[in-house]
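The first chain written gets the first letter, and so on, giving A, B, C and D; residue counts start at 1 in each chain.
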Amino acid sequence: MIVFNARGLMPPVFTPLNDDLSINYNVIPAYAKYLADNGIKSVLVGGTTGENMCFSVADRKKVADAWVKTGKTCGLHIMVQVGGAPLSDVLELAEYCSKIGVDSLLTLPELYFKPQSVSELVSYVKLVANRAPNLPVLYYHIPSMSKVELNMPSFIIEATQSIPNFKGIKFTSNDLSECAQVLRALKEDQEVFLGADTLLAPAALLGVKSSIGTTFNLFPRLAQDILVAVEENNVAQARNLQNKLSLAAEAHTIEGAWVPIMKAGMEIVSGIKMGPPALPQLPISEEAKKRIAARLKTLKLIN
Amino acid sequence: MIVFNARGLMPPVFTPLNDDLSINYNVIPAYAKYLADNGIKSVLVGGTTGENMCFSVADRKKVADAWVKTGKTCGLHIMVQVGGAPLSDVLELAEYCSKIGVDSLLTLPELYFKPQSVSELVSYVKLVANRAPNLPVLYYHIPSMSKVELNMPSFIIEATQSIPNFKGIKFTSNDLSECAQVLRALKEDQEVFLGADTLLAPAALLGVKSSIGTTFNLFPRLAQDILVAVEENNVAQARNLQNKLSLAAEAHTIEGAWVPIMKAGMEIVSGIKMGPPALPQLPISEEAKKRIAARLKTLKLIN
Amino acid sequence: MIVFNARGLMPPVFTPLNDDLSINYNVIPAYAKYLADNGIKSVLVGGTTGENMCFSVADRKKVADAWVKTGKTCGLHIMVQVGGAPLSDVLELAEYCSKIGVDSLLTLPELYFKPQSVSELVSYVKLVANRAPNLPVLYYHIPSMSKVELNMPSFIIEATQSIPNFKGIKFTSNDLSECAQVLRALKEDQEVFLGADTLLAPAALLGVKSSIGTTFNLFPRLAQDILVAVEENNVAQARNLQNKLSLAAEAHTIEGAWVPIMKAGMEIVSGIKMGPPALPQLPISEEAKKRIAARLKTLKLIN
Amino acid sequence: MIVFNARGLMPPVFTPLNDDLSINYNVIPAYAKYLADNGIKSVLVGGTTGENMCFSVADRKKVADAWVKTGKTCGLHIMVQVGGAPLSDVLELAEYCSKIGVDSLLTLPELYFKPQSVSELVSYVKLVANRAPNLPVLYYHIPSMSKVELNMPSFIIEATQSIPNFKGIKFTSNDLSECAQVLRALKEDQEVFLGADTLLAPAALLGVKSSIGTTFNLFPRLAQDILVAVEENNVAQARNLQNKLSLAAEAHTIEGAWVPIMKAGMEIVSGIKMGPPALPQLPISEEAKKRIAARLKTLKLIN
């Protein structure tokens, strides 16, 4: 039986790039250590933040290799997102990951011939899960990007019935009402990872204990403190810290698209070289970076 | 200066109908007393639950009259929703309400020539607010029905600048991230009323203290207990009670459209005769009513 | 049996307003004569162009009265659009129209409690049709405004089965593929009126002989010439004339929303005083009007 | 200067598969000959019909090789669609195609980090076009699948200014009004290919002379006859033939998704083995195939 035990805050890692847009593998060990030193126990490789939808299969394999190797050293659970490419590549990646020591898989839905029903989506995820039968497999629900907007509670029930290694979903939507329904539909050994940095505290109140959020790269301690405040029944503290994290996110979002702004913010906050976003996305301007830094200072999130 | 002081749980009242679909004014005093006896301090007349978008101006005036009269007796703040009709009627209703003792107004956006920008929406709400300059006026954001999906934080800032008696919004959306932004955009004497029964507790954690939700008609004490649990820093209790209210809502929603199911549920729970929905909506079947009652018994919400 | 015999080009008439936004009934006889003199045989009163969704029931009755009276003089078939208001008002208007000599009815769907299925839409149209059993009743499909996007061929089949006086639809969409399916679904005595001024010629090629288009107010002869060109198998002529009409429409559309620009254009072209749009819509600027006039001169549509 | 001279009917070719879902290259020469024998002068390889969004880069290269080789023999212009994959793969394919004798390129937009503006889309197409500077490059507008719904006339103007080898678009939408605007925005040496089998005749009336439609694989002579009828000013004939082609399409569409039904229909009509669709799509049932065949017999399209 497949056991899936990653829980709590899971940063979706950036893929560091050199200025020539090649992948900068050298920085990964330092990046992993920074996360582990800040209390992080698991990471998602190749999600939206990791821009895997822009890379070749060969590069995606090398990135997975690098994180698996480093993850062993730091004691990180390595989840790899294998979707967002032609299905033949997705299947090849799933099989590859099943052999190199990846701990769990996440997959987007088909992006072109989009599933028109819950059954079609289950059928797709099953194809992927069958290629990595030794790994826990989760589904990546992110309708704002994938434009696949199916009912998640129904999906979970049907996927659980037909996919032995189906272990949950990443739920990237601000609809906590549906997220609570997802939670009620999950079995003991399955998990929902919220994907909404601005809703960490209210989701925790509803019982959502795990999250995948880009800002956990930048502010892992703050995110952890939010969960602790809810755990300790300190509502006012949870609200204040959530407000702080939300304002930190907004300090970035007014400057552009999610990955370019967050990649810039990560460099500002951590000092670790992230480089530009992968094409077709473009980096934000130096002026925008300065404005972000100024706002983070005002929020006392950097010195 | 216009003072707006309604806060907390505000049930949007049903419009009771006779079997011939005429409005049953006789039941309103008992209905109001039931709410007041259960701790309710304010009601919304003629919202989605009240089906005002189906009635003539003459009927809407009579309904407002009846609630104002009864509200005085029971000490209820009476907010009336005046939108969802041709603008000339909306303006006539706003002016009428300003003269009969209504306490505050709520208005939907234009439903046909929908505003294409925040400015156009502000312009519409201003027309309404100008007809009732002595009353607090709030905007009814419910994109799932109105199909007007503009950015609410931006709207609030612009509306506050140009409408003296603009006092807040009803925010009927499950996006608590935007709701928190709305909260941060509001001034001291303005209020956001969440319109999402399944998110009362998580919204309260974020600082949202007021709500307009149909289920507060059916379960006013349960809804109040949720707010108290959050207030008292009892997260587990808040979660359990919210789950109960959410399951109570789901006990209805699988049987049909919102107003027909809730009108049926209100009869089951309160024993007060609500009658069928207004045309074009149709009542649910007797079998569906029995299934709802059975589920509510299982949830120990009725005996 | 109800006979419906309006065919061909049917301008949806503007509702002329005075500068104080009251309805200018005085201009209606001249307006009707202008249309009749230009070969028009039927008009739609109170459609989108007529802004009926902004007026009270009382005003809508008076407008219908005025057109019926004038229509008799000019020999115009008078179709009245009764929807876009609370259902109780829609039903009152349908009944009123059935008694005053209106020739046919058109109705929008419910704008707030929108039909979720073809059956719910049929149920709504049936309620309206039953109030005017002596009149042909057509459905107004305009998903861009009503946000009711149901399959029209299916609707027609089901409506025809259950509504004796159902006689067709106004199809306001640029999807001529669905329009052709509609045409194939209609019975002998039913009609589809295209609502797409820029597609008059290609629709005619497909067999769509009737149209309701705002620009037929401004350029009734040009529109007629397009139909004649198709009828006479002169494809190049049809294309050239359609291009001319389309460019005439574009001369307006870059200046604002449909009714304000077209109402302005109608004054420019016909010299008949149309006045401002009804609230909440606002008139375009004098500069915009001049730019429209200049473009129409370039197109040799005015001197 | 890059010359682009493909015009007229361009079938988007299927990618024939063996029963084990491997690509069946052997059938390509016979397939190409069938098309050439039926008057076809150019084909699109790897569009939606060709399911390139499901295959690896290696397979896509081999498919392109096979068609280039066969195309030379048959005198077919070979356009290859290179998008619908991670950008790094798209660029690799564009470069590859530029070297092997492909005649022109078509590209989808980015499917995950979707362009939010016309400028972002131009930037993407420019990246692709720069990798194949010796080839004409066209953009594949298919909002129903790509969910990229930007204004095409604006895109064309901006793309033409900044991409020297930009030569037009495939316009897969039923909105002939926007298609006519596209036509007016194009320069002499650019072309719009309509992607709407049911609108061939009305588009031709508007001056659209080129089309890419799946059914041209099945019924190349019928499609050609439609264009001839319009060319010869025979409107009734154009209408009748278009109706026939549209009914032939509908004979398939009620049985499932586009590629599985059309792949089945192609086998029925041409006798050439097409095999199942590529995963994640599934083949239709044998019963569905029989129903399609029966309908095509009724339409006298097969014996």
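As a convention for this text, a residue touches a chain if its C-beta (ideal position, glycine included) is under 8 Å from a C-beta of that chain, and two chains touch if they have at least 3 such contacts.
Because the structure is a prediction, the values reported are computed rather than measured.
Student: Please report the smallest number of touch steps linking subunit B to subunit D.
Tutor: Minimum step count, subunit B to subunit D: 2.
Student: Count the C-beta pairs in contact for C-D and for A-D, then report the pair with the higher count.
Tutor: A-D
Student: On a CA-centroid basis, which chain has its centre farthest from subunit B's?
Tutor: Comparing chain centres, D lies farthest from subunit B.
Student: Per the centroid of Cα atoms for each chain, what is the distance between subunit A and subunit C, given in Å?
Tutor: Comparing mean C-alpha positions, subunit C is 51 Å from subunit A.
Student: Centre to centre, by mean C-alpha position, how many angstrom separate subunit A and subunit D?
Tutor: 36
Student: Send over the residues of subunit D in touch with two or more other chains.
Tutor: Subunit D, residues with two or more chain partners: not present.
Student: Looking at which chains touch, is this a line, ring, star, complete or other?
Tutor: If you draw each chain as a dot and join those that touch, you get a single closed ring.
Student: Among all the chains shown, which pairs meet the touch rule set out at the top?
Tutor: By the stated definition, chains touch in these pairs: A-B, A-D, B-C, C-D.
Student: State the interface residues of subunit A toward subunit D in the complex, per the touch definition above.
Tutor: Contacts found on subunit A: 48, 51-57, 59, 84-89, 92, 108, 110-116, 120, 123-124, 127, 145-147, 257, 259, 278-282.
Student: Taking the complex as given, what residues does subunit B use to touch subunit A?
Tutor: Touching subunit A from subunit B are residues 174-178, 180-181, 184, 196, 198-199, 201-203, 205-207, 230-231, 233-235, 238-239, 242-243, 246, 250.
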